[in-house]
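Presented below are the structures under discussion, each in the form of structure tokens.
One chain, chain A, appears in both complexes that follow, with chain B as partner in the first and chain C in the second.
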Partner chain A sequence: MSSYLEATARERLQRLFDAGSVEEFLPPAARVVSPHLGQLNAPVAFDDGVAVGRALLDGLPVYAAAQEGGFMGGAVGEVHGAKLVGLLRRAVVEKANAVVLLLETGGVRLHEANAGLIAVSEVMRAVLDARAAGIPVVALVGGSNGCFGGMGIVARCTNAVVMSEEGRLAMSGPEVIETAAGVEEFDARDRALVWRTTGGKHRYLMGDCQAIVADSIAAFRQGAIDAIAACRGEPVELTLEALEQEQAMLAERIARFGGLADPLEVWAAMGVVQPAAIPMMEADVFAEAARCHRLGGR
Partner chain B sequence: MDWKAVAKALFPLGHAIAEQDDFLSGSAHTKAGSIAVVGTTGHAPIGVEIALAQARFILATLRAHPGRPILIMVDTQGQRLRHRDEMLGINSYMAHLGKCVELARRKGHKVIGLVYDQALSGGFITSGLMADACYALPEATIRVMGLPAMARITKVPEERLVELAASNPVFAPGPENYLRMGGLEEIWSGDLAVKLEQALAAQHAGDTRSALGQARGGRKLAQPVIEAIVAGRNDLAA
Partner chain C sequence: METLTYRFENGNRRLPKPAEVVGVVSSGNLEVLIEPAPLDGACSIEIKTAAVGFGATWQAVMRDFHERWQLTDARIAINDMGATPAVVSLRLDQAAETMLGGPA
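Entry: the complex of A and B
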């Protein structure tokens, strides 16, 4: 069973989609590199850290992107962001069946600060434009760099997020919070706390991701297939009713858990019988145990 | 910059904007009719509560006043940096706010952003940057992160970043750089009420920021990359 966590972006694309079906747009051979990194003497990559293209998923033609955590943590610069926007817009033009985003990113690439921030904003708008065109967008989060910053927001603008336990989804990284607010606020070296707070199991229980899978490319593949199938028969686009439900769900979270200090307390408050046992559970056992306790909604 | 002074200049016909815990909301009168106003003040850190309060106001506006234009007044130090916010899933709260702004646009509400003081990172991406068009006052500060912190994370010496910030719109915090990169439509000076009227009357077709950034020379590659991919070309147009 090949690990999703340990694979590179292109390995994930090749193994997650049907064999031999991936066609990359603006591939590394095109050598479109960041126009900003050179002046900082930082290395460039011929794909600017993201591969975009189309592929077959269980026979279904879809559009896909995979961020490469090995290049600047998958962070979004001008070209990287534009590739994602171009992919999403092409998906709209060609009336794609779905878009699958394999996210692994620290968010805005600070080396391209302002350009990166606008780029992430454009990606966010492009995801919502695709949904408005009736195209389901699914995010997969299971890379070792997690999915943080503005891209943590983008992930939650999609129709569904699929995570592994090892995946992390959040806004500010623990190191950033520790630097800004002190080690007593968030000890970034306390790995168990970091995983409890940002990891897939907590996100699944909180309703921030819609599926949790084992750390294998095959499991993510099935997760993506199921997530796209689940989008049929319900509105793909934003609706007032769905956002009012989300509003209520997010308000309920603050009301029920806003006074608690640790995810273990949150899980106990949800009615999970043995919260301390949660971190040790296998994904399928956990998903079964969590199902009746987790918050719903998207 | 005091939001009350800005509101007075924007709305000479009067307004009913209330401030509560750095959260601004209410309505105001313009020559073109009533407008909903939402935003933050006091360089507010955007935590889960204030993100949700803004979203709630926007959803209520969609229900009660279909089609009413919405002005987002931006003054934030960015997302709140707390373990509690992360535990509660702050990215979901911010995404929710952004989605509410998007739905307002889809339902025919004109949405205008105005950075009247400070805009940073996550607090900006889900507010002003989600508007049909975002504007700023000349004294506004817009950035992702301060240069000292950026130097720590990128391992580029701060002196080098300060030097780059002087000439390169990618690093400098001023609104004129966001203008050049297409992130801002215009920097407002003079009669703010007139500027607002013009913004309310302007037509916006989709997200044109990458094209603006190319035309203004601040982001030269974003638009060509997008165009190449949409056109199915594997090279950028010369």
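Entry: the complex of A and C
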């Protein structure tokens, strides 16, 4: 069983999709590198930290992207973002069956400032355009850098998010919260607290991700297959009704849990029998235990 | 950043496949892009490294690599973020093995 967490972006693509099926667009040999990093005397990567292309998933032709967390924390620069947008737009033109985004990113690449911010907003628009065209978009989050910032929003713009416990999903990262609001608000060095708050299990209970899987590439593969299958026969586009449901779920969350300081208290308030046992559970045992307590369809 | 280029002649092993990339540009690591190219039989290596001032060490590591592999008509490009010589050697071997399907 090979770890998803420990694999590089390309290893994930090669092992998650059908063997030998990945065809990359703008591969490293094309040398489309960041125009900004060189000016700042910083190293570039030949793929700007993201591999995009098409592949077969259990025989189904899909479009796919994988961010490389090792290169600048998977941060989105101008080229990186343009590759994601181009992939999503091409998926629309080619009427793809689905798009699978293997996200691992700290968000905007600060070196590229406005270009990076614009790139992330364009990715959001492209995800919603793909959904409006009837193409399901699925996000996988299981890398050690998590999925933060604007790309955390991108993940929640998709039809489904599949996470491992080790994966993290949030807007501001732990250090950002501690810096802005103080260590009393959030201790970024308390790793157990960080994972309790942003990790896959809490996201699953809160309704922010639709599936929780073990940290293996095979498990993420099955999660992606299941998530795409679940979109069949359902409206793929973002609807006003779905947004209103989401809004109601968020209002319920604040009403029920807004005054609580630690996810352990939240889990207890949800009726989870042994909240303290949650962090030690294997993914499948946890999913079974959480199913009757978790919020929201999405 | 510093850019270093090396060119080695008289190799005899051709690369049988299109480009491959191994490694990731992260702290203490590097990526190696290896591809066949018409270079009059030479093996050219271009390095962009964040660690400035280690040209002599790079030259020795690249010379050893060429002695091990004897590549011809091969273009290698490296983006480096401060990898140690041992890591650089291993990555280069990984790149050549990925291309040629076995150890030197």
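Here are a few things to note about the model shown:
Throughout what follows, the second predicted complex is superposed on the first by the 298 of 298 C-alpha atoms of A that agree within 3 Å, B and C clash if a C-alpha of one lies under 4 Å from a C-alpha of the other, contacts with A are read in each partner's own complex, and residues count from 1 in each chain.
What we mean here is this: a residue touches a chain if its C-beta (ideal position, glycine included) is under 8 Å from a C-beta of that chain, and two chains touch if they have at least 3 such contacts.
Quantities reported herein were computed from a predicted structural model and do not represent experimental measurements.
Following the overlay on chain A, a side-by-side fit with no clash is recorded for the pair chain B and chain C.
Counted by residues of chain A touched, the larger count belongs to B, out of chain B and chain C.
When the shared chain is aligned, chain C comes close enough to touch A:T8, but chain B does not.
After overlaying the two complexes on the shared chain, residue contacts for A:G70 are found with chain C alone; chain B is out of touch. Within the superposed three-chain model, A:R253 lies in touch with chain B and out of touch with chain C [touch as defined at top]. With both structures placed on the common chain, the touch criterion links A:V236 to neither chain B nor chain C. In the superposed model, A:V44 lies in contact with chain C only, and not with chain B. When the two complexes are overlaid on their common chain A, residue A:H111 makes contact with chain B while staying clear of chain C.
When the shared chain is aligned, chain B and chain C each come close enough to touch A:P27. After superposing the two complexes on chain A, the shortest C-alpha to C-alpha distance between chain B and chain C comes to 13 Å. The residues of chain A shared by its contacts with chain B and with chain C are 27, 29, 42.
Interface residues of chain A facing chain C in the complex, by the touch rule stated above, are 8, 10, 27-29, 31, 38, 41-47, 68, 70-71.
Residue ranges of chain B in contact with chain A, taken from their complex: 48-49, 52, 55-56, 59, 62-63, 79, 81-96, 98-100, 102-103, 106-107, 121-122, 124-126, 129-130, 142-145, 149-150, 152-154, 156, 160, 164, 168-172, 177-178, 181-183, 206-207, 209-210, 213, 218-223, 225-230, 232, 234-236.
The touching residues of chain A, when paired with chain B in their complex, are 25-27, 29-30, 32, 35-36, 39-40, 42, 52, 78-79, 81-83, 85-87, 89-90, 93, 108, 110-122, 124-126, 128-129, 132, 149-150, 152-157, 169-172, 174, 176-177, 179-181, 185-186, 197-198, 202-203, 206, 208, 237-240, 243-244, 246-247, 250-251, 253-254, 257-258, 260-263, 266.
Residues 1, 18-19, 21, 24-26, 29, 31, 33, 35, 48-50, 77, 79-81 of chain C are the ones that touch chain A when the two sit in their complex.
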